[in-house]
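There are structures below to look over.
The following pair of complexes shares a single chain, subunit A, combined with subunit B in the former and subunit C in the latter.
Now for the complex of A and B:
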């Protein structure tokens, strides 16, 4: 016999956790570093509390089993999650975890896109800077050699028309 | 048409901003020619007159006219004629550089061309009379003919003209009569992108056969 133990995804990112709660229909209020959910048990509102860099869900251990309170209006463990259906603590956490993971993946994609956009913008700036430098070099050299320079911009291209009266130089 | 190169917008081959077309193939082949790579009657950019006109029409708001040079434009007389007629209909001005003399154009029964041109530059390039200081011409024996009143007031300004285009990819295109040493660094950069000077291996007779449809009426 061997044990298989899988821990839940640590909720590290507060922004993602709040969004996950919102997405699954769990109301919450912020209290210091705690996120108080609308799930109630014997000790009051069940909450996520920041502990060693992760949000840990705190609840009365009896809440997982179910009790008299479950049958009461607004009673615990919680009757509000989607379609008002009952979810035990572990089911609730699994739902939060799934949503958190989904948001996390989405966030990663957004960051990747943002990174690519930034990279693209950086390359574009590099190209523009190179062109500007090239243009300045050409104009300076042309002027040194007695050319007058007229600049035209046509459809993204820079056209430098260099004219020199060869009889004067 | 067999085209060596075209520039949608250039400011040094005639008045204003122009669509400039260098044709591929030349039967005259002047000694000391700057554009030897445009001598051979080998396919380069093959475009129908209709397709070329579409490209020109796309630039109509930005250009004043078209200019043809080469190569020898009159070696593709039928296509050039059709192109000029259509450009005139669009209200564009027309300009053409040829190595033929005016008398030769008339002798060769190509004078219908003259009714569709505003400016014509004629004459062989003579390297002994080379000039880099005249507008439009490469040797002083060449002649500029204003064939209509369109540019009656145009003042020729005899200077050295060079046009450097910095393309979107930062590559350069240098046109005109550049004194390349002045821009040695930049021209080194573009050396790899320009077609290498090419002396055609084909003999004149083969040239005619290779380009039968566009063969010149007479080889000089």
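Now for the complex of A and C:
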């Protein structure tokens, strides 16, 4: 017998998880390392709790069949606040997961763009430093050889005019 | 008293163009080599007619380094 197991996206980044919750309309409060959602079950607010580097969703296991309890007297009311419709824990987590993934991909693109910008800036600084070194070396050598040096900037180019007077026959 | 003049331009890509005036014969190339050595690879040297006219005439030579 064989089995195929698929795990959900681990929620590793707190900032992204909070943004995902906000985006799907789930209100939350922070309590230490816990993120308390506005979803309530028998044991209180369902929450994300940091465990081994990822946020695990803690809830009453019977909440998964919450729709049944909602029909019972004193059944606990919980659901998706945004549209006021019931959503099971798995539906809720799937919604959070999709939003988290979407934000994560967006973040990766932003980081890549930032990396490229930084690389571009580094190359530009390297080029400017190289030219500056060329200039200062030439000026130093020219002065050593007795030239007076005049520096100008002409249309983005550095122009150095070296002049020396000599006595010749 | 004679004036020796060297005009050097460095463009935004680090390409150097240099020309000399009033430096006689081969001396002008030596002078440019001393100023620019190790800074760039020479790409072309253009000797003007004056270069070949001996030491008594004004010499103008141009030297250009390779594109980086």
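Things to note:
Keep this in mind: the second predicted complex is superposed on the first by the 146 of 169 C-alpha atoms of A that agree within 3 Å, B and C clash if a C-alpha of one lies under 4 Å from a C-alpha of the other, contacts with A are read in each partner's own complex, and residues count from 1 in each chain.
Keep this in mind: a contact is a pair of C-beta atoms (placed from the backbone, for glycine too) under 8 Å apart; a residue touches a chain by one contact, two chains touch by 3 or more.
On a predicted model such as this, the values are computed, not experimentally measured, just so you know.
Superposition note: with subunit A as the common reference, subunit B and subunit C are in steric clash. Once chain A of one complex is fitted onto chain A of the other, the partner contacts of A:130 extend to both subunit B and subunit C. In the overlay built on the shared chain, the residue A:161 is in contact with subunit B and with subunit C.
By the touch criterion stated above, A:145 is placed in contact with subunit B and with subunit C alike.
Contact with neither subunit B nor subunit C is seen for A:52 once the two complexes are overlaid on the shared chain.
In this superposition on chain A, the options for subunit B are 4-12, 40-48, 112-120 or 184-192, and subunit C clashes with just 184-192.
On subunit A, the surface patch touched by subunit B in one complex and by subunit C in the other comprises residues 127, 130-131, 134-135, 137-138, 141-142, 145, 147, 154, 156-167.
The touching residues of subunit A, when paired with subunit C in their complex, are 127, 130-131, 134-135, 137-138, 141-142, 145, 147, 154, 156-168. Of all residues in subunit B, only 8-12, 17, 62, 132-133, 157, 159-170, 172, 176, 178-179, 182-183, 185-186 touch subunit A in the complex they form. Partner subunit A is touched in their complex by these residues of subunit C: 1-14, 16, 31, 34-36, 39-40, 68.
Every residue of subunit A that touches subunit B in the complex is listed here, in rising order: 127, 130-131, 134-135, 137-138, 141-142, 145, 147, 150, 152, 154-167.
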